[in-house]
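The first chain written gets the first letter, and so on, giving A, B, C and D; residue counts start at 1 in each chain.
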Amino acid sequence: MPTSMHITESSYGKTGVRLVKVERNKTRHEMKDMTVAIQLSGDFEQAYSDGDNRQLLPTDTMKNTVYVLARQSPIGEIEGFATRLTSHFLERHPQIVRVRVNISEKIWLGIGRNGSPKDSFQMVGPECRTVSVDSTRSAVSVEAGIANLVVLKTGRSAFADFLKDEYTTLKETHDRLLSSSVNAQWIYGVLGHDAKTPWRAVRQTLLDIFAQHNSLSVQHTLYAMGQGVLDRFSCIDKISLSMSNRHCIPIDLTPFKLDNPNEVFVPVDEPSGLIEAVLKRAA
Amino acid sequence: MPTSMHITESSYGKTGVRLVKVERNKTRHEMKDMTVAIQLSGDFEQAYSDGDNRQLLPTDTMKNTVYVLARQSPIGEIEGFATRLTSHFLERHPQIVRVRVNISEKIWLGIGRNGSPKDSFQMVGPECRTVSVDSTRSAVSVEAGIANLVVLKTGRSAFADFLKDEYTTLKETHDRLLSSSVNAQWIYGVLGHDAKTPWRAVRQTLLDIFAQHNSLSVQHTLYAMGQGVLDRFSCIDKISLSMSNRHCIPIDLTPFKLDNPNEVFVPVDEPSGLIEAVLKRAA
Amino acid sequence: MPTSMHITESSYGKTGVRLVKVERNKTRHEMKDMTVAIQLSGDFEQAYSDGDNRQLLPTDTMKNTVYVLARQSPIGEIEGFATRLTSHFLERHPQIVRVRVNISEKIWLGIGRNGSPKDSFQMVGPECRTVSVDSTRSAVSVEAGIANLVVLKTGRSAFADFLKDEYTTLKETHDRLLSSSVNAQWIYGVLGHDAKTPWRAVRQTLLDIFAQHNSLSVQHTLYAMGQGVLDRFSCIDKISLSMSNRHCIPIDLTPFKLDNPNEVFVPVDEPSGLIEAVLKRAA
Amino acid sequence: MPTSMHITESSYGKTGVRLVKVERNKTRHEMKDMTVAIQLSGDFEQAYSDGDNRQLLPTDTMKNTVYVLARQSPIGEIEGFATRLTSHFLERHPQIVRVRVNISEKIWLGIGRNGSPKDSFQMVGPECRTVSVDSTRSAVSVEAGIANLVVLKTGRSAFADFLKDEYTTLKETHDRLLSSSVNAQWIYGVLGHDAKTPWRAVRQTLLDIFAQHNSLSVQHTLYAMGQGVLDRFSCIDKISLSMSNRHCIPIDLTPFKLDNPNEVFVPVDEPSGLIEAVLKRAA
């Protein structure tokens, strides 16, 4: 006889739903390039335990729903599109109690000289704009974000006066390279009706603070970047930051009778540091 | 004046610490190929806010510590090695309150005919053995697991009688391909002192149930695989399973005046289904 | 006026054509999982220079042709399937003068205990079986192969007595790890009509020689592996081998007052060595 | 007795040599982020056949040589740095007859407002600048290039009037999306002494022509891009172009009683078209 057991949590959905939408007017085209993931939770126990699929909306239908909603109205910002998707499923299907939607949007810039039609684009990356929406019938959480913003400082970055134990061999430094892939998520408070989000300005603030900061550690710079966003955007009360420390190691050239005045480095992908924090405005 | 804010959660650490350890005896060699990630939480607020690093153990030291512990005693199973790592940091450094260690171990099989030295190996993959340890001074959680076990059924897999709404176009099928990358994590209860874990037997159970099951959905097969593990391993009370549904789409050959009696398929990476559940033995 | 210019070489085609074919009989299923690339060369100058597509078979048609040929007869070995594809295009379309087809086949092993239906599989990788066919109306070259066979020796591998110049710092060693991703391509001579190729035996020979060899360098082992194949397979006259040297670097533990008797290593992906040679049976 | 055989071609070297060089002056920093691969050919037969390494310069020494040359003088443009590397090996070691060096350079842009120090950068990608140098003692070939320039047109792209056979199902279209990852290599003729190469202008020309072209096929646009480069840069006599056709497929929304006036597309990574040609200025 099988062991008695129960499901303590579950979800199912579709990942990697790719979509490009083109919105054209006479003088220029706009395009959105998104990858959508949808995950549903709810009363699906019979599907798991007995193979009874009568409450199970196929993940293929989730994919179709993305396409239909994309056609029915302008995409606008991805925060809105993701929220429309979560609402759609909660409104139609009572057995669904929670919907999570993640969208990652690639960044394309217009190409073209004066006079040519505005219908050509170049992808810049690896950075993506992101959104994560987590909805139930009683609450909605929308986290805007940015992923894989790859930055590097060649000056004003130190790491010294740190704790040492018997396994510490790292040398103190007052001048190192600081290279990081930055991921950030934040929550907007009240925005004016139909107002555009300040996503681009938040992104620029993260870059500017990174560039201006006299860094004593990745932690220190991460904190300054979060502080900068909360200082400048009163509509944001909370920001999560995750920054890698992609080490650039100065090369020892003494075997070749050369010095290395902090000029030549080996960047290494592994291992790397990983620094994370959630910063919240004081009440 | 900067906005008043505080850190609500934070951690820092090292990811991608690669290590191969060889343990040799006269007639054969053993090797372990691991990638380790360590993440510390604790009283590090001053490092973030002021760049005061005096409580901050460098992530480089974490890397060195992995190397030292790997040298000091046999690795054994990765559950034990990961636990030794979390204990090490908690025991030495009072400001650390929580340590998480993740290890992913590649699978290598011995090559070689009768008579040759047992010192050559072939990597098989993409599957990895995994462990996640999350430790504080009062509690330790150890999750053993397997990642990227890629499997496929060419028979006895159906998906029918599912819910339809106006965006459903999927056809019911009683004979489809079912392809999945399986990820599983589970928690061992009391094992005998120095007993080896039944990791390999759990893995084989997952494979066997997948092969034997008359699948009515991925959910249904996932549940059966979890049930099978809880049935056979009384030392396991809880298992988390995450299975992709990597669609293999039958090709419509009617434009070419050919039928396709479920023989020729296009496997697609995106989009894919994702089915997850945590199964727990009833008390 | 535009500069006068001409096309000195060109080709076009389709890459990444994925296909799974299932061949069933009462007691067991067979499956093939292939990724096909097709590249055509010929008289297509007008398409390039003038946008005149009348001689241009769409790459979408190449994809359909893969599907149709896969349905029309058993796949058999990929050497034969690739050759049928090149012949198809050359026979139909006079403007095509050269067709190249590359196929990469994933390796799946049957899962299952005695008694269960033989319809479930596990993918093993990263290794793939490969074929490259290059056909014109007057000649056909078929190269069978294997890609990404990842192997490692923990004993009987040396690298010493090498050339030194003023930039050499590498230490000589008589006991190192040798880790490699092996790629090999070879050409079969006359095989009996309908005979199966010895692909699996060639693969095993490469593994066995790697395991048995007392390696003085990657070059030395590569040569021995090629020699072993030419020795054992009189139907093969030529083999190309490409082997990475994925360095495993012994960790210096002296800062921690520990020795490291060749036990603990850091494997690094970059940089790596790359050793290549083509070996041909003497006439 | 082993089969008699010989080596018909061979090479060995180092791939993935990563290097960041920072060149500082008072008001701004410059950085280069390169990945270098070096492959040597020459008289190394004894190393392969007998494990006699006396003529074999270690690949580790090649890596060190990259570091040393990077330190000894400004990097300048990668064409020059790659050429200095090939010369170095040919000048020192008579047994080396051919050296190939490939460099891929990541693109970093300065961040920062007026007034802040110019020492911070953001990586833009996936595009890279590339160079391939192939040198013997009697000849040097230098190919400059660009890799992974990802572009997309939402207008003025057609594909019609193409050849059809019985496996053709593709519909003709006069308005499709055209998305491509562009790779180009070209050879500079005589440049003034110490003149900078027009790399950035070539890149911009490729983008501009792509944007301006009324495309009748990828072949047609590729040809126009090559023509544009040869027209504008009399110092370039030959250019090789390789362009993928990353299909964006219009979604059929008729099952949902919606039209799709070329607005909503699924971009697919596999399969994709691949179009290649080498264009040469007429003598």
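As a working rule, contacts are C-beta pairs under 8 Å (C-beta built on N, C-alpha and C of every residue); 3 or more make two chains touch, one makes a residue touch a chain.
Fair warning: this is a prediction, and the values are worked out from it, not measured in the lab.
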{"item": "Mutual neighbours - chains that touch chain B and chain D alike", "value": "A, C"}
{"item": "Chain C and chain B - chains in contact with each", "value": "A, D"}
{"item": "Which listed pair, A-D, B-D or C-D, duplicates the contacts of B-C in over half of its pairs", "value": "A-D"}
{"item": "Centre-of-Cα separation between chain D and chain A, whole angstrom", "value": "29"}
{"item": "Rounded Å distance between chain A and chain B, as computed from the means of their C-alpha atoms", "value": "23"}
{"item": "Whole-Å gap separating chain A and chain C, where each centre is the average of the chain's CA atoms", "value": "37"}
{"item": "Numbers and ranges of chain C residues touching at least 2 other chains", "value": "18, 64, 68, 167, 169, 255-256, 269-270"}
{"item": "Chain A to chain C touching residues, read off their complex", "value": "166-167, 169, 255-256, 269-270"}
{"item": "Of all residues in chain D, those that touch chain A in their complex", "value": "18-24, 29, 31, 33, 64, 67-68, 70-72, 108, 111-113, 116-117, 119-126, 149-156, 177, 207-208, 210-212, 248, 251, 253, 255-256, 258, 260, 262-268"}
{"item": "Touching residues on chain C, where the partner in the complex is chain D", "value": "2-18, 35, 37, 39, 44, 47-61, 63-65, 68, 92-93, 159-165, 167-170, 215-220, 222-223, 226-227, 230-231, 238, 244-245, 269-282"}
